[in-house]
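Each structure below appears as structure tokens.
Shared between the two complexes below is chain A, which has chain B as its partner in the first and chain C in the second.
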Partner chain A sequence: MTQILIQGLLLSGLYALIAIGFTMIFSVGRVLNLAYGAYLMLGGYTYFWVAQTMHMPKPIGIAAAIGIGALAGVAMHRLIVRPLHSDPVAVEISTLILAVIIQAGIVLVFNDAPKVLHPIVDGVWRVGGATVTFNILTATVASWVILFALYHFVRKTHVGRAISAVSMDIKGAALSGVNPDRINMITWAISGALGAIAGVFFASYTQLSPSMWVSPLIIAVAVVIVGGIGSIIGTLIVAHIIGFMEIISTTLIAAELRGVFTMLLIIVVLVLLPRGLFGRGEL
Partner chain B sequence: MTSTINWRHLLLWAVFLGGLALMPQFVTRGTLRTFIFANYLAIFAMSWDVLSGRTGYVSFGHPFLIGIGAYTSAILSYRFHVPVGWSIPIAVATTMIGGTLFFLPALRIRGSYFALVTLAFMELMYQLVQVIRPDLTGGTRGISGVQTLLRGAVNNYYLSLGLMGVIAILLWSMMRTRLGTALSAIGMNEEAVEGSGLNTTKLKLFAFMVGAAVAGIGGAFYVHYLGSIAPRALFDVNFLFTIIVAALLGGASTIIGPMLGAFFLTFLLEYLRPLLPGAERYFIYGLIALLLYMYEPRGLYELFHRGRARIFGGRA
Partner chain C sequence: MTLLEIERLSAFYGRAQSLHEVSLSVGKGEVVAVIGTNGAGKSTLMDSIMGMVTNTGAMRLEGQDIIGRSPAEIVRHGVGYAPERAHLFPFMTVEDNLLVGGYTAREDIDRNIAHVHELFPVLKERARQETATLSGGERQMVSIGRALMTSPRLLLVDEPTIGLSPKVVAEIAATLRRLNEESGLTILIAEQNINFAMELAGTVHVLETGHMRISGTPQELMADEELNRAYFGT
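After this line comes the complex of A and B, so read on.
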């Protein structure tokens, strides 16, 4: 029981971090970024290259991952989303193609054998019969800190408020002197950076492989659908629902059923409550 | 949009299919295998196009439907020794039932949400196939040694070409009726179609059923051509990518477009093989697909039309 509780909390924290960058783009840019999983992959591989191939200190690796992620986000906005005028279907399809290109690029540079990241923080902590690695604990704590910081950034700073204004109403925001295009670009950069840092933790939790982008994308999609778009708190809650559901189904029923309930939840919620549990009326 | 079918159309079809039918005289067995794959990909792309290209309900789970068709037929013939003459029709019927499952969310949601739920369908299927009754589905490794219908590249080529030709002509004639116009109109503005007194629910259901049936036929015949099936080869984003890109590159909402796209993609991949042996191929191939799509979202068909107009004048 304690084990389920602890494992569930840890996994959910990670899932919230994975989902938040995806939600932001969906809420502010009103497009689905199917290449979001590729940010995680880019982040994970960048960290791997800097910290494990070049043997530089780990913080530099994380910083490099964040930088690459933000850069990828800006590049995607400038080169794909803007030329397509944010047409949702065209962006979905182009980002799907882009994800396949990035996957091929990763195979090209790093070959397609899976790679194992050394734990970012060593050591284990035994509590109530459960073993918790400091690595995953760090990931969860970091994810909470990042989400908390993001929440305050969106609420308190000028840019953050502009972001939430654009997510509510583009024309209204433009009339109040906000440049939606610039805000969109900033959001893409933040989303890329969040994806990349999530990727470092996700990769250290599982492993690095060129096809690792699919499952975090599915998690992000599940959180967005079940939670409805736009709210950081909603994302956090739904990430816990999904995280706990996975842990409970893997420990109590069968390990192979890990993703099945998540998929079923997506389908049921979409059919019964198309706006999500905490949704807003954008359809 | 609706226009009568005249002798010129029939002549063009005859030239196109007749030209393809002569291929075995000119090309090697290996190239013929590529042609067979292109034919099947064309069937999948056409079926995606009926469902998504026309009505605008973009499906990211098309391999789900193809997979149902392929798995049903493979399981029936391999595990229960049902003759192929029965297993394929049953597989197509099952796929159409699967198509209704797709249809249920489409009643309430559209746009990005529909794309997402179909993606979820595909992943669900991928995981279920490995977990539920692995004794039937073969689990992660899949099934190999499924009965093949015909032997030899030439025979299989004619089978796939015949299938593609019949499906293409049937869909093409269907799309030239008022029904096809109504389906394309749903893609443009669903409210307007509903306002014109048409029952969009029935129209969508019909389109989904036709799309699913074609996917089922394609999937079932494809598995009996390959002789094997595995979940990761089927319920895979790369496979989905190839289907969607084939349909879009060729030109969605046309019949010839998805076929064109399928041949273009298959041969692009094939001709890149000697130049770039490894993953570079997919890199270049994806890049070409992305650039073409960004430059002309309506696809090669549109480019040809424009090129023709520029040379001979006429429609701009």
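After this line comes the complex of A and C, so read on.
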């Protein structure tokens, strides 16, 4: 029981971090970025290359991952989303293709053997009957800190509020002097950075592989569809629903079920509650 | 002194043309109204001034050419806009809506918020309420308030009275008059509510299916028999 509670909380924190960058793009630009999982992969591999291949300090690896993620986000906005005028279907097809291309690129550069990241923080912690690695604990705490910081950024800064404003009413934002295109680009940069940092933690929790972009993408899609929203609080709530559902099903039923219930949940919500649990798309 | 000068302005939505060579000018410190029935092109004119429509012709703000500029640039040039249907941010509080309005005029935020609260005390009481849950009148006040947060020299107001009770309409009229008289703010109003427009404006323009039909003082227009029959039902 304690095991489930602890594992559930840890996993859910990470899932919230994975999902938030994806939901931001959805709420601001009204498009699903299906290459979002590729940010996690780019972040994970960048960290691997800097910290483990080049033996540079871990913080530099994390900073490099964030930088690459932000750059990838801006590039996608400039080269795909803007030329396509944010047409949802065209953007979704292009980003899905892009994800496959990035996967091929990763195989080319790093080959397709899975790689294990050394823990970012070593050690374990025993509580009750459960053991928790410091690595996953760090990932969860970092996720909470990042989400908290993001929440404050969106509420309390001019650019953050402008991001919300664009997500709620583009015309209203424009006549307030906000340039929606610029705000979109900034959001793509933030989303890429968030995806990349989530990728470092996710890879250290599982492993690095050229197909690692799929399962985080499913988690992120599930959060958007189940939550129907891009609010940061809503993302946290839905991430916990999905995280706990996964831990409960894998520990109590069978480990092979990882991910299955999440996908089933997507379909059930699509059929029964097409607008999601909360029914709004704004940040 | 002319603040806004519009010459032979045409507006296009794709192939459809919604304004045909419309000209008008707004002097500093004036209140000017544009009246016309549904689809006459009033909102198109307002959106054109904000750089939100494809236009040909000339538009100058204090002598500076503003045609083809982005809305953000027009706002920085000193134009505040309370559009039709308000376009507020529904899941943000009243206060946050006003703060987004202050996106460009950041140094003036404290002063502007105090000014808006003084004009519309109810917005201070409702500062923490989401605008989705406000009444129509309160929403209109937030809309005008948000436009004032840009520190405008010219305020555009599109149909501020639509769907509002006479009491609230009178309140908004009083506030706009006060803004003009006390702060010297120049105001351009688009209205179907002829009485409201005639009461506030020194100059009134009549738009008809995208053409400027006639312009004059309220007295001059009242004296026009044909116009009277068409617009005032007398």
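Methods note: the second predicted complex is superposed on the first by the 280 of 283 C-alpha atoms of A that agree within 3 Å, B and C clash if a C-alpha of one lies under 4 Å from a C-alpha of the other, contacts with A are read in each partner's own complex, and residues count from 1 in each chain.
By definition in this document, a contact is a pair of C-beta atoms (placed from the backbone, for glycine too) under 8 Å apart; a residue touches a chain by one contact, two chains touch by 3 or more.
Values in this document were obtained by computation on a predicted structure and should not be read as measured data.
Contacts of A:Ala104 after superposition: chain B is touched, whereas chain C is not reached.
Of the two partner chains placed around the shared chain by superposition, neither chain B nor chain C is touched by A:Val124.
Taking chain B and chain C in turn and counting the residues of chain A each one touches, the greater count comes from B. By the touch criterion stated above, A:Val116 is placed in contact with neither chain B nor chain C.
Applying the stated contact rule after C-alpha superposition, one finds that A:Ile93 touches chain B and leaves chain C untouched.
Touch criterion not met for A:Ile60: it reaches neither chain B nor chain C. By the touch criterion stated above, A:Leu257 is placed in contact with chain B alone, chain C being left untouched. Taken together, the chain A residues at the contact with chain B in this complex read 26, 31-32, 80, 83-84, 88-90, 92-94, 96-101, 103-105, 107-108, 112, 214, 218, 221-222, 224-225, 254, 256-260, 263-264, 266-267, 270-271, 274, 283.
On the side of chain A, the complex with chain C involves touching residues 155, 158, 161-162, 164-165, 168-169, 171-179, 280, 282. Residues of chain B touching chain A in their complex: 56, 58, 60, 104-105, 108-113, 115-117, 119-121, 123-124, 127-128, 130-131, 237-238, 240-241, 244-245, 248, 278-283, 286-287, 289-290, 293-294, 297.
Residues 50, 52, 70-72, 75-76, 81, 83, 86-92, 96, 99-104, 106, 146-147, 149-150 of chain C touch chain A in their complex.
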